[in-house]
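First chain written, first letter: the chains are A, B, C, D, E and F, and each begins at residue 1.
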Amino acid sequence: MGKYNDSIIPDFPWETIDSDIERWLEQDIGCGDVTSDPLPLDGVRITAEVLAKSKGVASGVGGFLRILKKSDPELVITKAVPDGTQYNTGEILISVTGDARRLLRAERTALNLLTHLSGIASLTSEFVKLTVGTKAKIVDTRKTTPGLRSLEKYAVRCGGGSNHRPGLDASVMLKDNHVALVGSNLEEAIKRIRQINGHTTKVEVEVDDIDMVENAVGAGADVVMLDNMTPDDGREAVQLVGDQVIVEASGGITLENVRDWAESGVDVISVGFMTHSAPSADLSLEFKSLDS
Amino acid sequence: MGKYNDSIIPDFPWETIDSDIERWLEQDIGCGDVTSDPLPLDGVRITAEVLAKSKGVASGVGGFLRILKKSDPELVITKAVPDGTQYNTGEILISVTGDARRLLRAERTALNLLTHLSGIASLTSEFVKLTVGTKAKIVDTRKTTPGLRSLEKYAVRCGGGSNHRPGLDASVMLKDNHVALVGSNLEEAIKRIRQINGHTTKVEVEVDDIDMVENAVGAGADVVMLDNMTPDDGREAVQLVGDQVIVEASGGITLENVRDWAESGVDVISVGFMTHSAPSADLSLEFKSLDS
Amino acid sequence: MGKYNDSIIPDFPWETIDSDIERWLEQDIGCGDVTSDPLPLDGVRITAEVLAKSKGVASGVGGFLRILKKSDPELVITKAVPDGTQYNTGEILISVTGDARRLLRAERTALNLLTHLSGIASLTSEFVKLTVGTKAKIVDTRKTTPGLRSLEKYAVRCGGGSNHRPGLDASVMLKDNHVALVGSNLEEAIKRIRQINGHTTKVEVEVDDIDMVENAVGAGADVVMLDNMTPDDGREAVQLVGDQVIVEASGGITLENVRDWAESGVDVISVGFMTHSAPSADLSLEFKSLDS
Amino acid sequence: MGKYNDSIIPDFPWETIDSDIERWLEQDIGCGDVTSDPLPLDGVRITAEVLAKSKGVASGVGGFLRILKKSDPELVITKAVPDGTQYNTGEILISVTGDARRLLRAERTALNLLTHLSGIASLTSEFVKLTVGTKAKIVDTRKTTPGLRSLEKYAVRCGGGSNHRPGLDASVMLKDNHVALVGSNLEEAIKRIRQINGHTTKVEVEVDDIDMVENAVGAGADVVMLDNMTPDDGREAVQLVGDQVIVEASGGITLENVRDWAESGVDVISVGFMTHSAPSADLSLEFKSLDS
Amino acid sequence: MGKYNDSIIPDFPWETIDSDIERWLEQDIGCGDVTSDPLPLDGVRITAEVLAKSKGVASGVGGFLRILKKSDPELVITKAVPDGTQYNTGEILISVTGDARRLLRAERTALNLLTHLSGIASLTSEFVKLTVGTKAKIVDTRKTTPGLRSLEKYAVRCGGGSNHRPGLDASVMLKDNHVALVGSNLEEAIKRIRQINGHTTKVEVEVDDIDMVENAVGAGADVVMLDNMTPDDGREAVQLVGDQVIVEASGGITLENVRDWAESGVDVISVGFMTHSAPSADLSLEFKSLDS
Amino acid sequence: MGKYNDSIIPDFPWETIDSDIERWLEQDIGCGDVTSDPLPLDGVRITAEVLAKSKGVASGVGGFLRILKKSDPELVITKAVPDGTQYNTGEILISVTGDARRLLRAERTALNLLTHLSGIASLTSEFVKLTVGTKAKIVDTRKTTPGLRSLEKYAVRCGGGSNHRPGLDASVMLKDNHVALVGSNLEEAIKRIRQINGHTTKVEVEVDDIDMVENAVGAGADVVMLDNMTPDDGREAVQLVGDQVIVEASGGITLENVRDWAESGVDVISVGFMTHSAPSADLSLEFKSLDS
């Protein structure tokens, strides 16, 4: 087990999700935990360990701990791997000790966050590994789960990926819809965009045919995005314009074809699947009574 | 294309997520849409259609429309299938017309909700279909995405599944952790729980060995949950206690083994996978300029 | 003074009301405390004690302290009875020392919570005491004050009562309205509900006539609720169906008639009055300058 | 039935509680209404009437309707008395028609608001009636339910009462605590307060002994508040200083002694009981199927 | 450098803006700090100092620190002047040490608050200084920046000013609009207001002509506000009614004419400019690596 | 009066500030409008006009109207200039008719937004006009008022300016602090940033000496920002690197020197002053009774 990518995953600003945490706990606990509350657990302390039931990459450890600490401010943390850690089946990622009822009632909320983010990080790392030795960068999209944009993009970074634009205000993405709406005059559209936007936004143009690539570059694109095309198209696009603009592949990227894409010479491969369809990481929380 | 399960999927109370919608839009739009805002789209109207790129079950149509209407109150809806509808590849689920910029800036937020919920409904329906002809009911768990508990449980209902307890306050689930913490005296634990809780909460006991089943029933459980056991164990449990309590199978349920489980005679099969790992539904929003 | 019901009142998850606390303080303080702010109180510390001016049962002590600590993180707590404590006139429930201005500006907010919840706990305990020696359980209803559902249900537990369903999603309650709406076919309604709901929800049926009791049980009810009937009706209902279902009395329960109801043999007595009409507990906050 | 106090109760700014309404509904509905959702109620419309089961004064009618409209935007309102209306047992205050499920799931939330506020208005009107013919004004205090300050103060106005200061920032109230903290120099305290505060805040001084009344006035009070004193004290205070300052009675005011207080000549009588201990108004929502 | 007005500026209740702080941080940080996150700054600590680049009066120091502590709970504060401190160019107001990335990502949010509030305090102090030796009090208005009412009114106090009414519920302000709407009968309007409002609200009447002053006083005003009039008008108004009511000047007050106004004898001068148009204070945050 | 810059100011997504509007109204109205509420204004309708008392550029008209409509859903709008409109003294920007009390209680909140944003737009337009005929673009900074980032950046666009990066996640800005922290190795820092960030973020480097300009470009900067330098420095920088990178001037820009800067040939001039210190626009709301 080792830190996946050690210095490049500074911790998420967990302090910005405190009110989310409060709401998540409230939604799960509601009017009380009808299982643990009635049991004679006053003053009982317990140790809980997060156990990996399959291998993966950790993401959300700090959030997991923040949720438990919100529930039990006296929580003692004896182990916590940093986000970005690659773990194997059977390894313990986190170990904490605290009040039994307080841990039991926050357990599910904390795990739901950790397994969701670690699932994304783990899938991302699969894509990233398949690009080793190429210059292709794996990036996410805006296809994220409602309310979790910044967390999921952080999970992608934990898995070794990079982030595409965070939102509509950060970078331009001209799709065929936009171009059609303005009379198919791509050059005029880009000119107008550059005139009005500030200087920090790049202009990316989506093309769905290899014939449009040079046109996009000629019109002034900084990035050309090949939408639902093939690695061979990618190779051709790179030859045509690879020294002038960034070439991005998007649409239909899978673990099966990502290597082909990476070897085509494209600079960037964007994968919506990593954030919108990653299966949850298989992590469980094992409780141990302190006496056992 | 037909309504999956027509009268049993009353619409989600979308009115309770209005502030979530506002926040989701704010997070995506931020300081403005640097692509569409500069384009000369004042007064331009556009038609957008949600197109199925693979088959599935719809969930979240009302939420999708509410997001678009939040962005464009003048939205005209010309088609919208009800939630629970089974659709095939190539079908149009929704068709709306509205202001180009207002639709473009809400598109991603609306689609992210719809594809997430429809993904859950679609996967749920796969499990449900595999139980046809048995008495087994497919239910979800509390393993939901942070912040989306009630929406995801609704999606499960859209797919033909039923809901396990909504939160910690609604129903008792005694796991081995709980029992260990109170000195392994299950009978005393249940007695205490019944004494203190109100009369509307059922008591479910998790067992991980067939030998514990009769013990749980003897101690007063209403539901016995077989955790990570086999369909054969299920069959045995049903024979032992099936006429006294509800028997639930949980843990390790997959599309491959769910039929075996269903045929074992258990009453309920709970599947965390449906909510925490369902891939997003493959739906896209196609824009058409009104003149085209 | 002793803990009312010692091991069964685990503390409320106060961490889930932090943003409420912030809002409550903001609404009372607004642009500043125009009384204390101008006075020369820099660095002045003060001791404040919560004094009982009549007897009752404590509820909300943890919330009271959390509010004061929010205002003054340096607060020193020298006494705090646990929730559920029965207290007499003249007793001190809580004693704290802190910054004068910070205590003065949070005082009213903290007391408003404590006296509201203790009022409910105290009234609940009156009902509970009158059922001693019977099997009848005192429970609340959903008739709670807007925004305070979970806190008020907790206060009921502090007073020795139990909770009816926390919300619409936890348990079924078929009223005559529902039955009328579906053509008066109770059996079909229950069948449909059981088919679609998960396995953790019980079905309660409201009846307003003794003749309907057996009908409800025959249709499959788990609980029969006698609405606005008499203790004699209760006795009859228990004889008819008491060994098959839970019998609940509701409507018109008062401190005067609750004993009659309890002795009728019903299992559960639900009282809306405890949450929607409990008078506030008579507790005052006495300040002492540290020099006095 | 007639408007209690017709022109002086402008409607509450209900638009400022929309997010509260959303949260209240969410807390009650949670993951769905397990009673109504499974029933075959698609497209069924229903009429609901608020029926008075005892007499009182209405408050919160606009809020009640706003909650129902949030749940069912197609709601048709056929009757709604204005807030401040005095009603008798058996009268219908509100009549609406809408979608059955949407009304059923918002019913309890809407009623909880209406009965809470009408309870306060009704109790206030009892106090107000007992002061008829005197100059004494009935006012509330800051002893309000957490989160409901502005609504409860509105309910007091609906009942014919007036409002004491809305919060700590609006008006000065010097209690003995404050005076003790600054060395018992009331004159210096008031001088300092007036020097620093703006010109819109009045200064009220609490006294608990008739001997302190002239002292307070001499020190510069605008209002003298007699705390837990007797109507005879009130009479004496009025004779001493009634032409110089406003005299307020507070503490221990009940329906039994309020007339004595009013006749003592005091200007203002403040009653915490009206907001913190008013029993809920006895109003029920009767559903009628549209066919019946 | 000395405390401006030492004992009269009790610290703002910063605990009431915690959720604002969380939101402000979230809006600036979004999906991560793309500048600092990639740099190898793990474990690097840094010292940051707030340096005055021009003179002024401090306001918001506690808020500035609370924001940094939210981002870095391990923050060490080595210097922090109290709010209300007059500072000169080149002085250090605050010095803190903490984690480099955590300070860098909260820096702008913290500074934006501090410079905004200190700008208001500084401008206020300019007005206040120009009234020295007169009885005129400088007060603010309700012309504040959306969302920052209580903070900006606090900043005014830091600068030595006082606060006009905090909101619509605290004090009456009859403008000509109001009077016109009720048929120009000022006396009747005031009578009605006094009859219905509680006893803690003063009545202020706006006049825009010297001829209306005595009329306002005769009708029962507590305060007469001269709207957009001249210091000579002020002098005349004071002679006419200065011993009966408070005279306030408002409208068109500038640093150039405020002295004239103060010398006219008016009691209060209200200045909207201080809150809605104060330039930000010129404060910068200088970082020092701990090794340098 | 004419639209300032007609097609390039698409309306702000006002739907994303609905909960802010609710909170702003709540903070101003509190427990009620003690001036208008008591007056006999039931059913009285009124016309209100926004009048320009000095010239400027409009921003926030849609937000102003949304606030009034929140308060009075029946509002009738008879005139409303589009944002970006240049107006002169004496012109009417907006005219609405509605319920008197509902307009009076929302007036201040609505005006506070409109005058704040229009103040920023107006000041921005002053800067923009002074750059006419040059290629220099006027942009804002992240020095915005807490909570108002996206609105203020929109106001800048209304005034003809462009936006610098919306937040920390959109674009890289390497300041000397960053470079010092990583051992002054700018090249290595940029390489690392490019390796880890996605492909949509540009890299801007701040320099405070002309000698550093070529160094920054050599290290790989996309944008070089001249911090607190002179127009002559700007000219020199443009000559050195103007054909390779974007050159931005920042720090100390005023209406006096902006023309010099624009003529120096720099591409971008960033001005914090426009957002953090713009005086409020002088707009007033004039009420007219409908009969007058």
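In the analysis below, contacts are C-beta pairs under 8 Å (C-beta built on N, C-alpha and C of every residue); 3 or more make two chains touch, one makes a residue touch a chain.
Please read all numbers here as calculations on a predicted model, not as lab measurements.
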item: Same or different residue numbers at the chain B/chain D copy interface, by half rule; value: different
item: Remotest chain, chain D as reference, centres from CA atoms; value: A
item: Centre distance in Å when chain E and chain F are each reduced to the mean of their C-alpha atoms; value: 22
item: Chain B and chain F, separation of their C-alpha mean positions in angstrom; value: 43
item: Multi-chain contact residues (two or more partners), chain B; value: 8, 19, 29-32, 36-38, 40-41, 105, 149-150, 157, 163, 166-167, 169-171, 196-197, 201
item: Chain A partner contacts - residues on chain E that touch it in the complex; value: 19, 22, 25-26, 29-32, 36-38, 40-42, 70-71, 101, 105
item: Complex contact set, residues of chain A against chain B; value: 20, 23-24, 27-41, 44, 46, 100, 104-105, 108-109, 111-113, 115-116, 119, 142-150, 166-174, 177-178, 180-182, 189, 192-193, 195-197, 201, 272-273, 276-280, 287, 289, 292
item: In the complex, chain C residues that touch chain B; value: 8, 137, 139, 150, 157, 162-166, 169-171, 196-202, 204, 223, 246, 248, 267-268
item: Residue numbers on chain E that touch chain C, as the complex places them; value: 6-8, 10, 12-13, 15-16, 18-19, 149-150, 153-154, 157, 163, 166-167
